[in-house]
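In structure tokens below, several structures.
Both complexes below contain chain A, partnered by chain B and then by chain C.
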Partner chain A sequence: MPYSAETFVGLIPEIIAAIFLLLVLMVGVFAERAAGLVSGITALGTVLIFASSAWLLASGFHGSFFGGGYVVDGFALYFKLVVAGSAFFASLAATRWAQGTGDATEYLTLILSVVLGALLLVSMRDLFGVFLALELATIPSYAMVAFDRSRRESAEGGMKYIITGAVASSVLLYGIVLIYGASSSANLSGVAKAFSSGHASPVALLGLILLLSGFAFKVSAAPFHFWTPDAYQGAPTSAAAFLSVAPKAATFAILLRILVEGMPGEARVWTAIAAVLAIVTMFTGNLFALRQSNVRRMLAYSSVAHSGYVLTAFAALQGGAKAEAVQAVMIYSAAYAAMNLGAFLVIDLVGEDTKSFNGLIRTRPMVAASMFLFMAALVGIPPLSGFWGKLWIIIAGTGSGSILTYVTVGVLVVNTVLSVPYYFGIVRNMIFEEPVAGTGETKGEGPLKFSVYALAIITVLFFIIIIPLAAVAGSSGLL
Partner chain B sequence: MNTVSSQLIIAAIVGLPFMAFLICVLFGRRLKENAQYVGTFCVLISLVFSCFALAYVAGLLPGNVPGEGSSIQFSVHWIDLGPGGSFSMGVDIDHWAAVMLIIVCFVSLMVQIFSGGYMEGHPRFAWYYAVVSIFTGSMLGLVVSPNFIQAYFFWELVGGTSYLIHGFYFEKPAATYAAEKAFIVNRVADAALFIGIIIFWRETGTTSFSGIASAAHAGFIGSTTLTAASLFVFLGATGKSAQFPLHVWLSNAMQGPTPLSALIHAAAMIVSGVYLVSRTYNIFVQSPTAMEVVAIVGAFTAFMSATMAIAQKDIKQIIAYSTISQFGYVMLGLGEGAFTAGVFHIYNHALFKSLLFLLAASLGYAVGGSSDMGVMGGLKKRMPVTYWAFVIAGLSLAGIFPFSGFWSKDAIIAAAYDEGHYVLFALALFTVFLTALYIFRGIFICFWGEPRSEEARKAVEVPSIMTVPMIILAFLSIVSGWVGIPKGFGLPIKDVFGDFVQPSSFAQKTLHATPQNFSFVMAGISVLFGVIGIWLAYTVVVARPQWATAVGRTFPRVHAFLLNGWYFDLVYDRLFVRPAKALGGAVRDFDLRGFGGLVSGIGGAVSWSGERLRALQTGGVQNYAFAVLLGALIIAIIASAQYSFLVVALVVAFSVVAAAVGARL
Partner chain C sequence: MIFVFIVLSAITLISSFGVVISRNVVHSALFMSGAFLGVAGFFAMLHSPALAALQVLIYVGAVTVVILFGIMFTQRPQVRRFRTILNRQVGAGFTVALFVGALLIYVFLQQDWGSTSAGHGPRTVASLGRILVGVSSGTDIFALLFEVASILLLVAVVAAIVISRRKTGEGVERRAEE
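Right after this comes the complex of A and B.
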């Protein structure tokens, strides 16, 4: 029997997302000017998604549907929590901006579409399903980047994002097709057979290469990252905040699933690729971020660097530390979601020029303190969230037994130090510079401030949150 | 230590200052000047509880067998790493840690009482007490940490909160640079420490200090790896303790309130480095190379920064350099295997150094905020308490018998001699002379002669809320060393400190340490060097000031060399800072110009299309797309390095695709 009650139980988060997606659209049609209402509905939807995913996770739900092409396990549910959580804060943060433009309905619909795509994505065990879900998450994000019609950068960023994204998608799809051709199955278990021998056919390898290239674009790993700074700088801040966190976490998750479940036999090849990509990405991200004068652009490059850190965990997926490497990706995604979302939302509050942060400690001390915490967390200072992600990556990397991975971990440590000056630059401006005019509070930023403070608290209390996270990550079902 | 109540008491030692921090932050506006009572009260309770801990480990509590104290150990499970192991949070207080707890709490208490007067009327009064409290709490947490991960936590917390101290007066522009420098130098050191921790973790599967030591002893770590990891940990310690080559941050980081400098230098941040080495001593002793490096770096740092201190014009700078120098002594003692002498010096140093900074603060308070010696002079009669306390602290620092610094410093110097390291011994001995010279040069300039400014002429003694802690500390700077009078000295008293704080029996066995004998000849020589230093200081400042001017005029380069701290800043600036900035700038320009530069070098077809697109205000897109394909190509090359038959086909295929896409766009 293809469909059962269990199928629907396992799909509750996605069903909720779809219902709320339609609901927001409908409400928008009948109440055109109700920006507060639709963002409230969106936030409620994300809370329900979060709660249902948490419930499924707590009840130990495990199921495989649609001929094994769709799986609900601890790993998938964990990432659904990350996606839903960041969508919640992003939708709250979007309220003020969406009210200002009057396009709240469209904007929030796009957010929910990305959420739906990301929720589906992390559960896919079928390569074509992966492609569909990935595009479902990506195509609305093009629109989100280009959404701000009042700024030309937005259109430019969206344009660049779409064109490079189209190239990347075609590369990815071509890779999937080649893998399908080589293994005559799109299901990951079938793919695993073709890659099991350790001597995969050249066609399959070519497929792997193209697949990795496509994914490298989606997670903005260098040298596929060029869209990132333009897109994040152009996009509305809340969109950049959301896109840098939720779809990225989901993309990392599905890449991890594909590699671990579908291609364990060729781990030697893809860990080497991941290691080199990680090294290039970390250096690119951090060096480019060093002298940026636009905080959003700086954070965009910083997000590139953080992709490199996560890729280091991918490089560690070999030897005796596989389980820790999987945990590292999971924990890093959650930690990164909290601190990066927070940092972007502070930009939404304060402004994107480094100068607008001048003297913030005097004009708005609580916001400045939150930003201080986010910056320190992004550097990786304990006990804040970023430290835990890096710790897990380093633990995994040093246990992998591969020289290249050791080098990558060394590069990661070097890059952590390299990243200090630019994160620190914000802190310096906030504390030591004279305040500039016009950084005071504006109307309707209550939800935004709530998000910032909540994320700051999560960032600080991560040393407690890490306990359940590590427990879930330790029994994720992947590996 | 099994009962829950006593465990709570121990946990409260660390927890109370954090509580004070929260109260001062949350209710600071309402508390205003009352914040001082919150901070002072919490640290006072912590001090009482620390005394309880000390009594417990000394076996003095009823219920223990007398004299049979044990260390306090308990922990809770923290994070499960799955197959990799787990982390725990806990407390491990041995004899030395118990003493250290008292030092930290006591110095913090003195600083907080003193600050009640010093900071009076400052708009950020409550914030000041919040900073002191969290700083004290972080240090206490570090002191009791039983494992590297927890220690690293509090280590970073100490470093992070010190940033709040350096940046306290954010109105001063110099504070920015100092805070930034301190932060970045410490990040380098922390990264090194972290590497060391991870190596230990990977080799032994544990982060606990004792677990690593026994695993290393059992041969789980190769000797090279052990040395490497120990040196990484040591490099981390040099960052916090401002030892060569990472000492550069400290002399700039004097912008915070002066009483906070007392806390940093005497009992908190800068002590944390040497404390970590003493805490992980069982690991260090297993690597003779690491021990030797510790000793050499210590002796060299002691000498180097003492020379720098001679030429300074600011009293706080002199004291700051003296901290670097004194912790050089501690490192030397630890590296030579004289554990007790080394930590004894930490203990003595805590008292006289906190006193010195409080005195500098009171000088600054009296002359209107400056610590430049150029505005002082002739304060002997105007500020008698400060003057005499300063003389006592100076004598103690210079190691003059019978002041406290004498006992520990002499033991360290003697250890270098006994170990046969005559070069280090000579450096250490010469540093005694330099120490006496620089500190008494400062004292004579500040207190003797004629006032050099209007403020100094009008200066009066500071209020009693400030003099009382000074008098207490001055008294202790005389007598604190008397608890560690060695047996060979001939007095019929016990060497309490030496009997109580001993290296572990494991360390003693590994080092084949023989008990040190007190040598009157050695003590006489070191005191003589100190007295010569004081005499020379008197001569060049008071008796024959023209000599100093003459020397300065004859060797201007030497003077500038010392004044500028051997030009370390300049060298580091040229070596690291400027290249980094240049790289960042180059990369930024590259970013601004887009990817165009590279691509136009690759092919005319693409740059042609670039020209067309630039007119459309979307210049660079095709280059980005091209970069995607180029990246795929790079990946392909990496992947097929082992499948060489693929390489040619891929390169051709992708070049065609890339050219096609470029042309299309």
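Right after this comes the complex of A and C.
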């Protein structure tokens, strides 16, 4: 019997996610109009996933299962916490919208399946497992983007997302197959052997490039970002909020694992590719974000820019600062999750037109204060969450000893300045413009407001949270 | 051998091209079965008759037929035709395709293939089945992936229902509410 009890202990978060997925589906069948009930069950499920992952992390549980193809370590559990946490707030925030559509069951089932896919993804050490888990996280997200029947942009965004996503998946799969062919193993430790000599075969390198391109699509790095603004604009706001955070963090995590564990011998190649991608992505995201009048579209481009910031940490994965670079990705993911989720949820409360933020400080001061915090955090003003992520990336970058990485870090600093006008444009509107009618409170937004305030508090108190986070990230087990 | 390879490649490529450029969804689906058949031929060439048979059974037989059923049940005949299939981006698309094709050819010519040959690995249906459920040695991960795939299929059905219900379900639901 190859499966010990430990295997099932290691899979507890995933098993909980699968059980709650089926539970939500079944409850939805028998209680069709109980949107509040199913969102409550989903939120409970994410809490249990969070608690079980935290328990596994606290007890120091780690191990490698299924013949080394599935690993539970600090790194994986950390990202499981990020995914479960953002899913909790997203499912609370989805309550009101889901009640309005009458399809709460399907919507929450899709959220939970993205969660399950992301949980599995961060633990995979087998390239085929990576692909399957990534698809489990991606396929439901197509439907989430196209979910809003009342708006035409939703169908359009969904269509664009499906087509580019399918192309990205096939490019990624092609890369995986070439790597598998070159190393005759899909397991990362087997792959590492084929890449260890420092001069991998041309086919293996092509596989690496295709793999990176596929992942660049998934994390919306330029020039593979074209689906992002349309998909996030079309999607229901809670879906855009969730999809821009949880699957993205998990995708960055598994990309980091593949590169660090599977291809350390070719670090020179992929850090250079990551640096170029990061530079292009940061400029594209910020320069396009400057020109948007729709806040949701602006945040979509801002999320492209933030992918560039994280890729900078990937470029720093060389020289003497590897450990800091891994920590930077982990800390940035958590920081980004809190501030970006919060900013999107404020849009859900207020509206997606820039004008709807006018004079918000007078009509709804608490919401305006939260939005101010999220915007300041996205810029990276200390001591808010975004600052710590950027600080770690800069520390890692300066320790890397590579000129290209120094340039990338310089570009990051320049882009931080570039991003100030569009983030603070919202703040200016909130403070100085006259309020417009119809931005008052509406019914049933309690859970949504709770999420926004909770995320604002997390964003502010990040300088305290950073201490345990850095401790966990420092002993992640990767590297 | 090289002649068979060229014929199979031609079948696969021409059919795939037909899928993309034909203006009728049904024609696209039929072309797709041609592409699947070409791939089945490749499996046979690689001494894997079991995979070739599965490819024909599942892809040519089941998947194509299900797609055709799907088209017939969900759409009225007149919307089965696309109006413009080759749009403004055709030039850019061809440039990218040419670039990728050139890159692939270059890399495959550079690679030292050594003693690579067809005809290794498990061949029989029984051993393929054992790998699929993860009980043969070195493939334990597939036991987990088998379960993940089942959830993926369930979720894909939910997602497909969510997306497709918008067209037919929209009007029906409105009427029920009014």
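In this text, the second predicted complex is superposed on the first by the 478 of 479 C-alpha atoms of A that agree within 3 Å, B and C clash if a C-alpha of one lies under 4 Å from a C-alpha of the other, contacts with A are read in each partner's own complex, and residues count from 1 in each chain.
Keep in mind that, in the parts below, contacts are C-beta pairs under 8 Å (C-beta built on N, C-alpha and C of every residue); 3 or more make two chains touch, one makes a residue touch a chain.
All figures in this text were calculated on a predicted structure; none of them were measured in a lab.
Once the two complexes are laid over each other on the shared chain, residue contacts for A:Asp73 go to neither chain B nor chain C. By the touch criterion defined above, A:Gly158 lies against chain C but remains apart from chain B after alignment on the C-alpha atoms of chain A. By the touch criterion defined above, A:Ile139 lies against chain C but remains apart from chain B after alignment on the C-alpha atoms of chain A. If you count the residues of chain A touched by chain B and by chain C, you find the higher number for B. Looking at the shared chain after the overlay, A:Asp348 reaches neither chain B nor chain C. Once the two complexes are laid over each other on the shared chain, residue contacts for A:Leu206 go to chain B and to chain C alike. Contacts of A:Glu261 after superposition on the shared chain: neither chain B nor chain C is touched. When the two complexes are overlaid on their common chain A, residue A:Phe224 makes contact with chain B while staying clear of chain C. Within chain A, the residues touching chain B in one complex and chain C in the other are 202, 205-206. Residue ranges of chain A in contact with chain C, taken from their complex: 2-3, 18, 21, 25, 65-67, 69-70, 102-103, 106, 109-110, 113, 116, 120, 126, 128-129, 132-133, 135-136, 139-140, 142-143, 146-147, 149, 155, 158, 187, 201-203, 205-206. Interface of chain C with chain A (complex): residues 103-104, 107-108, 110-112, 134, 138-145, 148-149, 151-152, 155-156, 158-163, 166, 170, 173. Put simply, chain B touches chain A in their complex at residues 78-84, 152-153, 156-157, 160, 167, 170, 173, 175-176, 179-180, 183-184, 187-188, 191, 194-195, 198-199, 201-202, 580-581, 583-585, 587-588, 590-591, 595, 617-618, 620-625, 627-632, 634-636, 638-640, 642-643, 645-646, 650, 661, 665. By the touch criterion stated above, chain A contacts chain B in their complex at residues 152, 156, 159-160, 163-164, 167-168, 171, 202, 205-206, 208-210, 212-213, 216-217, 222-224, 226-227, 229, 269-270, 272-273, 276-277, 287-288, 290-292, 321, 323-324, 327, 361, 376, 379, 381-383, 387, 394-395, 398-399, 413-414, 416-417, 420-421, 424, 428, 431-432, 463, 466-467, 470-471, 473-474.
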